[in-house]
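Think of it as A, B, C, D and E in the order they're written, each chain with its own count starting at 1.
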Amino acid sequence: MSVEFKPNIICFACNWCSYTGADMAGTSRMKYPATIRIIRVPCSGRVNPTFVMKAYQKGADGVLIAGCHPGDCHYNSGNYFAKRRFLLATRFMTFLGIDEKRLRMEWISAAEGVKFARVMREFSETISKLGPNLRAREEA
Amino acid sequence: MKYSYFPGCTLHTQTKNFNDSIKITSSLLDIELEELKDWQCCGAVYPLTADSTMGLVSPYRSLQKAYEEGTDLVTVCSACYNVLKRTNFAVSNDAQIRKKLSEYMDVDEYAGESKVLHLLEAMRENKGFEKIKEKTINPLKDLRVAPYYGCLLLRPSEELKFDNPENPTIFEEFINSMGAIAVDFPNRIECCGAYVSITSKRKVKGATESILKSAAKRNADIIITSCPLCYHNLAKEQEQLVQSDYLFKPIPILYFTQLLALAFGIEVGSCGFESNRIDARPILKSKNLISGGDAL
Amino acid sequence: MKKIGVFVCWCGLNISSTVDVEKASEELKNYPGVFYADDYKYLCSDPGQELIKKTIVDNKLEGIVVAACSPNMHESTFRAAAEAAGLNPYRVEITNIREQASWVHSNKEDATAKAIQLIKSTVEKVKKSEDLFPQQIPLTKKVLVIGGGISGMTVALEVAEAGYPVILVEKEPQIGGNMAKLSETFPTLDCASCILTPKTAEVGRHSNITLMTNSEVIESTGYFGNFTVKVKRKPTFVDWKKCIGCMLCQEKCPKKTNSDFEHGMGKRKAISVAFPQAIPYRPIISEKECIYFKTGKCKICVKVCPVDCIEFEQEEKIIEENIGAIVVASGYDLLPKEELGEYGQGKYADVIDGMQFERIASASGPTEGVIKRPSDGKIPKSIVFIQCAGSRDNQKGRPYCSKICCMYTAKHAMLYKHQVHDGEATIFYMDIRAGGKGYEEFVQRAIEDDHVLYLRGRVARVYEEDGRLVVLGVDTLSGEQVRIEADLVVLATAVIPSIGAKALGQTLKVGTDTYGFFNEAHPKLKPVESMTKGVFLAGCAQAPRDIPETVSQATGAAAKVITMFSKNHLVSDPQVAKVNEKICVGCLLCKPICPYKAIEPEIVEVRVGCRAEKRQVATINKGLCQGCGACSVACRSGAMNLSGFSNEQILEELKSLCL
Amino acid sequence: MMNMTEKMLEQIRDLFEKKNIKLFIGFEKGFEKFSRIPAFAENYDEAKSMIIDEFETPLLAKYLIRELGEVGAGAVEKSERVGILTRGCDYLSIRRLVVDNIILRENLVIIGIPCNGLIDPKKANKLLGEEAQEITVDEKIVLAKGEIKSREINKEEILLDRCKKCIMSKVEESDILLEENMDDMEVSKDYSAVEEIEKLTTEERYEFWRRQFDRCIRCFACRDACTACNCRKCIFDITEPEMLEKTVATSEQFMFHFIRAFHVAGRCTACGECEKVCPVDIPLGLLNGKFKKDIELLFDVDEAGIPAEIEPLGEFKLDDPVEW
Amino acid sequence: MPTKTKTKAEIADIIKRIELISGENIYKCYQCGKCTAGCVMAGEMDISPYKVIRMIQLGLVEKALESESMWLCAACFACRERCPKEVDLSKIMEALRVIQVRDGKPLIEPEEVADEVIEEMPQQGIVSAFRKYN
């Protein structure tokens, strides 16, 4: 039973900053664990907290939402709305008993390939330590 | 209009003449002042420390009492006014301080519901300046009065909201209503050096001297104030100035209500002129505001 | 089930060295819904694209997934290829297995597994894709420019030269704005009217420009390409068409009053033209001062007018115009001195602001360029200039730098020193911000050649003493308190948005910041666009700036307008929000979230059983929506959705990735 | 109290006579002693059984959706209006519907009544130790008489849960006010129940909620009772995309309760109806309360239960807390 | 006796104390000197008011504490009234005084005040002086 735990992490990345930041990490050949799967969205403001809950249900061990830095949103305000929603959502999910460390929000600009890779490594490590998420998760 | 009255320590002791003139004049303006029972020293300076609220206990108690009396609180001494009004501002805006104080003192929470007013503000609120105009029977014609505001009445303006901090007018209104001439002198809003004079009298010289010279330059006959400490520093400085500068002519300093008593035709003996550090009677006499028999 | 094709790209060795592309395409062949799967060396190459096209046609594919590099690289390439093969381009999705797999992972097994999963999830997304069609939006090729200062004029001239009609609305009776009031300009000291007059004249006579002075925009509806605005033309009481500009009326008018144009430094008549070079050179009667309007008598102007053009009964007119784009160039004002208590609150005649100094230094001004102080007309022997008067001041609610004061104050001091050689000019400054071509040199000239004394520090108080002004300041470089007796004090008061900017913003539905400056769409990449599509910004309406910068920005805004007008119609991206009217309850929780104000309520009629019912729903203005999708998250029932990134698509993608 | 009922009936007659309204919604006595149930009158005669007293009543606002047209008929002017009896809490719910553009204020006639708290008869019975036969209220003292015992009870003790947390006892925008509004009740914010849960470990919290949610039978009564749940078609009834699958699994229960609570976050008026109607007693108030508490704390909102034009999640401030 | 130089940590600690006692962010000050320009006591001070804050910003807190300036501040609030950055310098001066007083270094002791001063000075003045100095 000593199979190494490979976490399953979903990352919502906004098209304009963070997704481009991920591209940057790629073109610079920075390495990060293969545990992360990116879903491209136009804006962090597009991410519905329900998606996160759904991800947990379907088997994700961690969810990361990456958007433009405050003030840099391509749509001007999307990341601020996202911030409000997820300030609440994180607390609420914790309230329901899901470890708060499993949800993370990050501001990653298009130029921050280094940051993108670093965040992915850190987050992957955090989730690895936490182990698989079994809460609010669909029985396999 | 009825108010609780907070005289403060100095008015009850050293400057009784100030207190007396307030009592005589305010009643004529339909401002009924009832001395707050068991009032306590306000502390003289508003504590500027964010980490300790001990200094607020005493003023808080007085405020709370006035509130229990169901009245607004009137005070005259600039220092008391500054401390009480700022305390009131603090407790009405900062729930934490309020909570701390009421818990410490074991009293009901008081959140700044009562107003703190300077007597001049109380006058302004009760159409006092119009009433002064009506009730003045001895108009102070040709008397050039320099209103010295000092600092504690005006600043910090966002908390005190007494008057425009750079260009105040309330004293001028007061002076004009008595028929006197308000002297606009620039240093009327500058500090006299306050308590610094306790250790280094010479160090406040610059401050006091420029106030006096600024008033003298505009030919002021009289300076009025509402602060015993300003009064002291300005009077003290004049004693020095007279000796060092033979051209300097002393300018009597009065508490503003003394002048009001005179305008209301109150018997000169009750205006408290005899206790002033620089006798104002000669100049008042020269302007025919008191008769020869009254003076001296 | 849809027939989906999957193409896996090798990208030479870029992908194939870490991702087993053959294994991936092999595995995808058996994935539900996938009709065709293959891998290829370079899909973006011509033969690669040909392969895609051919496969789509041969297999009648209904959607394709291209697993290759980032969509930022070739999404448009592959979508175009699919379109050429008759497939709606929005049925094409890219899986990024290069930047997100082969390049960032080293273990081939992991990378391949991840790539396969990513491709599968994209297949799931494509299953939920729909045909989307760009919308054509009609376009009125006419621009409205609000503000006739240097920025508005620049925009108007550029667009007019490109051949498009321009309506230039100015609230004052003449164009020229603040620049017309300036004496000379830094850093060259050439006279402002010398460089401005040719421009105003050109605006006045350009056949493509309709000039509406003494007018204000009071309403704006519609959206980009198709605005309808209402302009209020205030009465001038003079028939400008008949008037020949002889100005006999002005000469003979008996009523004198303070001139706004001169900022209280000079007088004008009740019927007047602001200044001799004004365009249009036509007089206007001020209702407030005119004796006739007050008493019903006088009419001297009527008597002297040779062409009988005085019209006391003139009324304001509302004019409606259809236009395609709006440029806001509403300019600036200065912070009133009355807000600066410590500097006299406006009660000292000899404490003036920068614009008033411009007027007394201007050759066409009330003193004909001789610098005299307002109180007694004496030539000041000592002038103190105070910079940052109200700027960089949180307490006064203006924490920003007004940007132009450092330079114009240096100019003022220089102009003064050139006139009064033995005069003393002292400047209190905080920092000298002279970033501009020739700017620093200009300031240094003032210091070195003209001996202007720069003191670093603020002034605490200004008051009057013996007919002079006492300035209490400090020089923080020496640490000394400074007391200066001056004859004249000039305050470089803060630059603030022109009065009424906030209201204009509301009229145009364009956001302003806390101070009232117009917000740009993006602080770096869209500095001349506002958040409202089709509304552009120029000059100080957006932030304080000097003339060269204003002209550059105005030219930029003009270019934006011209680019917009160069097309015959506008095309909107179909990846925008859409409303399911059957579900929408019309609660409009989505409305405040939309940064583009693209959501509005609409009453629609629907059939419920056998009767028709009216109900309110949200509607999307597809011309305004930019597709951020924030509204879709605010919608509880999911009636609001985002085409191209729909709830269904994201959820399928998500489910597949979580497995 | 009878007095108030009379006043109301007078007003109702007036309303019907002047044909201002097609329907009046109020309360009448229910089957059980002291139970008060919604009553709908289409004319004055039908309204005669209506009553105002101090016993627990359900909230009426939700009926307005039905009575003013199809669900979410939206802000469309109607030819006939509906009258409704309104206390402060009803008023909050009505305002919820108005702000959400579900109904138009113009289509309503609000008869406002002051309120200083309603009595929960069940609590009275409990304290009395038997079923009360007669309950009389005199200011703050309640006299409950049973067949055997009688007892004086402090009204505070038997107040309705909802009233203990009352944030609005006034009816601010009534068309007709039966009696002067009283001052708002002194209610201090009490999030102790939420804080109790917060104090638990994550593990314990999850277990707590799992036990609660596993009881859920997905009857949707909480949704149906809620005025903030006013969608034309609920997301739970939509199959494409299927946010909630039909299987009864713990994860689905979490999904359901997460979505329900999030959809009313910042919009919940804390009326407590959801919790009251829940047949399996899931403490839904805790979920709503958690959001309310966090919104007030994080976004510097005084009272996150009063419907406003723009909801906390419909705006942002540049100085919102920075966590990431 | 030369003052013992404090370590970096000790200095950071004092700065923190100053910020805590005054409740002000000392890093807001950008040394425009407006406080000093309008200060009636600045002429007497060995370190100008704006420099006092600068010293603290630079970590030269010992210099600031040793200076006479804070004892000369008459708390007239002119600086606070005019400060464009809304820094309440009167509170920072108070913090410096309080630190000295709490550390057992008051400016004066009651017995040091001349009888004649006690005689002449109004009670209010004496009370304020001791509130500030002891």
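Assume a contact is a pair of C-beta atoms (placed from the backbone, for glycine too) under 8 Å apart; a residue touches a chain by one contact, two chains touch by 3 or more.
All values reported here derive from a predicted model rather than from experimental measurement.
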Contacting subunit C as well as subunit E are chains B
Leaving subunit C out, group the remaining chains by who still touches whom.
A, D | B, E
Using C-alpha atoms only, the most centrally placed chain is C
Pick out whichever of the two, A-D or B-C, is joined by more C-beta pairs in contact.
A-D
Averaging over Cα atoms per chain, report the distance between subunit B and subunit D in Å.
57
Where the CA atoms of subunit A average out and where those of subunit C average out, how many Å apart are those spots?
35
For subunit B, residue numbers touching 2 or more other chains are 165
Using the touch definition from the top, which residues of subunit C touch two or more other chains?
342, 461, 593, 647, 651
Mind pulling the subunit A residues that touch 2 or more other chains?
49, 54, 77, 81, 85
In contact, pair by pair, are chains A-C, A-D, B-C, B-E, C-D, C-E
Per the contact definition, I'd like the list of subunit A residues that touch subunit C in the complex.
8, 10, 19-20, 22-23, 25-27, 29-34, 37-43, 45-49, 51, 54-55, 58-60, 71-72, 74-78, 81, 85, 117
The residues of subunit C that touch subunit B in their complex are 341-342, 344-345, 347, 461, 463-466, 470
Where on subunit C does subunit A make contact in their complex?
70-72, 96, 98-101, 103-107, 110-111, 113-114, 117-118, 121, 521-523, 531, 575, 593, 595, 626-630, 632-633, 642, 645, 647, 650-651, 653-655, 657-659
Under the definition above, what is the set of subunit E residues touching subunit B in their complex?
20-23, 40-41, 43-44, 71-72, 74-78, 80-81, 88, 90-91, 93-95, 98, 107-108, 113, 117, 120-129, 131-133
Inside the complex, what are the residues of subunit B that reach subunit C?
164-167, 186, 214, 217
